[in-house]
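Dropping the structures in below, format is structure tokens.
After this come two complexes, each holding chain A, first together with chain B and then together with chain C.
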Partner chain A sequence: MHVLFVAEPRTGGSGFVSGLDVRTKILLSLSMSVAVIFFKSCGSLGFLTLATLVYVLDLGRYKVVSLCYVAICLMWLLSIGFMGLICTMIPMVPVTDPVTMLIPFLRTMVMLNTVLVLALSSRIQTLLTSLKSFKLPIWLYIPSAVMIRFIPSFIKDIRQIHETMRIRGYSLNPIFIFRHPRLSVRLMAAPIMFRALRSADDLGVAAELKGVGYGYFTENNKIKSYTPLIFQLNDAVTLGVTLLLLIAAGVIQAVWGTDTTGMLP
Partner chain B sequence: MIELNKVTYTYPFQKQPAVQNISFSVNPGEAVLVTGASGCGKSTLVRLVNGLCPHFFLGEIEGNIRRNGVACQGQTLKEISTLVGTVFQDPELQFFAMNVDDEIAFAHEWLGKSAEQIRSIVDKTARRLGITEILSASIHELSEGQKQKVAIGSVLSLAPAILVLDEPSANLDPESTRDLARLISGLKVRGIAVLVADHRLYWLEDVVDRVLVMHEGTIAVQGDFSILEEPGFKEIYGLRSHRVEDVRQTLPLLPDSGHIHVENLTFAHKNGPLLYENASFFLGKGVTGIIGDNGTGKTTLARLLTGLDRMKQGKIFINGKHIPCKQVLKRSSLILQNTDHQLHMNSVVQEIAMASGILNPGNAKKEGLMAILERFGLKHLAERHPQSLSGGEKQRLVIACGLAANPDIFILDEPTSGLDGRNMKRIADMIQSAVDDGISVILITHDLELLSKVCDAALRLPITTRPAP
Partner chain C sequence: MKKKQPYWEMRELVVIGVFAAVTKVSSILVALVGGGMNPLSLILKNLLFTTLTIVLLYKVRKIGALTLFLFVNVIVSMLLMGGGLFLIPPMIVAGLAAEGLILALGGYQKSINLMIGVGFYDLLFKAGSVGVSWLYMREQQEMVIMSAIIVGIGYIGALMGLFTGALFVKELRHACIIRS
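Right after this comes the complex of A and B.
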């Protein structure tokens, strides 16, 4: 028995979001990912972050979500720190205020919220069938599905590595990170990298031995999910609400948005 | 039927072949055991049979492999996978789905079968393996024995002619291992050719028809199970014992005094029933095995004794002194089964330094670290990258790291899983060395051979409540 393999929450759950059709979750994830490219004001992106946060919290995986948010906030604080350092060393570089620097991280949070829902509440085969129903080529949808399947294993690895560090007496608190930045990166990054490589290899072997892609190349070219895809009223409501949220975010951007950072000028 | 005829295989970028001139066959209804010391070529042999070598790992192959009379040339891995089912040491690594029923259904969905057909296959497989009640469970909630059954069920549902089991008993308790032996015997009756690669031998005596002992990439000896009884045989080939005594019921109870005292331990998981209620016990300076069925809280007890989880109520005393929960973590060491999570640094010596709390080892300190490495037979590996070591070497390194911190309580979780006889003996020696230093060692293991070698007492779960003295 693995000491750290304590019982985990079930994949999915029984909430509103878990019951949605995978195609709805994919469409929602895609539309949000495209929207965050065009929205560039803190108000509109903050609004979408809050809306998608409600969506992901319905899964009940509060710890995973908060850990992701803590990691993103840390990256934001680091970027503010480094920006300040650059401005001090090279005075000609204009000072960027922290709120403006938050914008790329808000984009990340919106995408993170929607992808986490997809990863933590979807059957892998349903996901594959759904991606296929969008007429995507096999070389695109199998790796996409494997990447999404990889997220729960990755979360589990991070949890185990964190506990291993606690056992060894190392705690990745801000003081330790400040005093030993290289060691902090190594303590976390080295095992994650090796585990990720090994997990990727294991999943590749598992996929091959289970004949993934076998049906695709046979004459009938049928890949069926034994849990049928059913588009229900909840899905229509969710997509409708998503559209309304995007319009609302657009209005916020048009009325109050003055920021000009991001991918567009 | 499996037939290998003069097969030699070399991995990419390697000069030496991993296996050479291998010839053997497994007939329908026959079970064959492949064993040998770590690095002898067992895993490569398994990969040759299931087609991962050369289809997945590439490399060069000579000789002929026939599966069910079909030559390997021209067969794709996907075609081979319909003939050969493979179950790995850690079945979780081969689960592609996240739930039991999805896992069994997964390969059938790819074969384009209808939803009704798949549902019927899933139900039939679950009934055959007795896993109906866990069909909707998440794979992470299962015990190791249940995972093994799900993996075998998922493979058998495809009706393969050949079944390959790679280290199937490594993570199983003795009862699940017995179930597995019965299952293999049943498969033989159904005409399936079974190839088992394993270090643990005792459970296969009445199951396998032949034994292949591998040594340095070749089949050194083959014959029936009785070849393992020859004097000195297992020492020559680094094998484990072929007969093992089950000491779980005969090990002495915990002592009435000892340098670790746990008083009134009470704990329950969030929203769960009480797992321990006012449990008190002493641990002496020796090796204590935690023994109990799945779900009795072996894992939780280890986490509580290392301070990873907090007790709801209760105290831990070391040498009569009460140690607050936060401090327990500093006075204890826990060695996990998965070594990958526990290796962080660039070299073996740096790993030991980090575990000793030395962040910048100078020359003087380095001498001390080298002394630790020498004590555990790791000095010659001092400059190697920890992730480049073999499984046995990694396990010895993480144990050395745990001991380098001078803990009062040293807990090992399945330290010999997947290790050969030679490495198991080395680990047993390390445990004995920790005991000689006055450390309380706690062992969580299903390895009967290790239990009988090193254990002095047993902590049987569930703990019977007894008042604190």
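Right after this comes the complex of A and C.
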């Protein structure tokens, strides 16, 4: 079955970060996603952005990281431009300085750094193993595992659909979507839907025939992972450093924090 | 001794997983092809999501299918992307409320109930996501207003998706892919 033989993605080499347990990376990503909600000063978020930038740069994927940063900077500049436009059109909206405008983008940068590490340095099989180690109930584990497994295969299907459209003389781009929105939906949604339903049927039958799910997390379940997850000293150090960084960011927020700005109270 | 039949069949769980993947990938695809955040790509993205949700509910007609689909979506987003953490409460509350509405209207067997339920879920979740965007951008409350407008535009797509979903189901029934 095609879905089960999808090539593993390229991982991030053999650096310190690449050697970390995938659960550590997930935990780090989760803790940062919570932290960025509570921090609101430019100083504390800037500090976390720099710290996580060091974390992501250890992967050595400088091109991907710099492309993402360029995209975020472009969005920041665009938002400054549009804010200026809104201020000109509606004078009651107060003018906001670019540094304050940067705060939501700093939150995005922190998340981007941690997510890039997870995405670029984790194999699909390792993610599935870590998902299983969380002891999720079967009705949650099976769809999640199918979802993670199916995404790379589905991206290949999309490429095939795109090639088919090009052969028929259609090219999906923003101009085409603007000019023919109904045709775009039909060209895109219909094959995606048929493909998804066919794959779901095939996978469902295959899973039932293979007896997937029987004996899951029971005493008889002797199936062990090919690559067992091991929590090492590196992981403990990383989590400890993360905690210290969050405390430091909290101190920066408390000492140099700013009040909420904006036109609403 | 006869074993108790599980509530979810393996085939149904696989369908939910596949649809969760399809919605995630198609959202990214529309965002990339549509040239970023513009009204048309926003409408198209929401339209696709709602269409796929409607088709899924026709395929898996069981109480809890909508909530499980949303839960899987959010769990994977949370584990792989981190950012979806604060979308869980509004998403799950909206999903449960929509399931409750579908049950109150007579269950999953009536097609119109599915459309009302998904429409209600979209409305509740969009309102909740504006609240979450306030959490993220509270320093820039002008941007929260902008995001509320963006969410509103997206909801137009979601409403259109209810009808395109029903149309697709009709076609899929002709193709004998959906039999119920």
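FYI, the second predicted complex is superposed on the first by the 157 of 265 C-alpha atoms of A that agree within 3 Å, B and C clash if a C-alpha of one lies under 4 Å from a C-alpha of the other, contacts with A are read in each partner's own complex, and residues count from 1 in each chain.
Methods note: a residue touches a chain if its C-beta (ideal position, glycine included) is under 8 Å from a C-beta of that chain, and two chains touch if they have at least 3 such contacts.
Please read these numbers as outputs of a predicted model, since none were measured by experiment.
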First, second, both or neither for A:R166, with chain B first and chain C second: first
Contacts of A:R107 with chain B and chain C, given as first, second, both or neither: second
First, second, both or neither for A:L233, with chain B first and chain C second: neither
First (chain B), second (chain C), both or neither touched by A:L187: first
Which of chain B and chain C A:S29 touches, first, second, both or neither: second
Contacts of A:V205 with chain B and chain C, given as first, second, both or neither: both
Touching partner for A:M89 - first (chain B), second (chain C), both, neither: neither
Those residues of chain A which chain B touches in one complex and chain C touches in the other: 190, 194, 198, 203-205, 207-208, 212-213
Partner chain B, residues of chain A touching it in the complex: 1-8, 10-12, 123-125, 129, 149, 152, 156-157, 160-161, 163-164, 166-169, 180, 183, 186-187, 190-191, 194-195, 198, 202-218, 220-228
Complex contact set, residues of chain A against chain C: 26, 29-30, 32-34, 36-37, 40, 79, 83, 86, 93, 96, 100-101, 103-104, 107, 111, 114-115, 118-119, 127, 131, 136, 138-140, 142-148, 150-151, 154-155, 158, 172-174, 177-178, 181, 184-185, 188-190, 192-194, 196-201, 203-205, 207-208, 212-213, 258, 260-264
Chain A contact footprint on chain C (complex, rising order): 6-22, 24-26, 29-30, 33-35, 38, 40-41, 44, 47-48, 51-52, 55, 59, 68-69, 71-73, 75-76, 78-83, 85-86, 135-144, 164, 168, 171-172, 175, 177-178
Footprint of chain A on chain B - complex, ascending: 50, 52, 55-56, 77-78, 81-82, 86, 93-99, 102, 105-115, 118-119, 122, 137-138, 140-141, 143-144, 154, 171, 269, 294, 298-300, 302-303, 306, 308, 329-330, 333-334, 336-338, 340-345, 354-355, 357, 359, 387, 401, 405, 411, 413-414, 444, 446
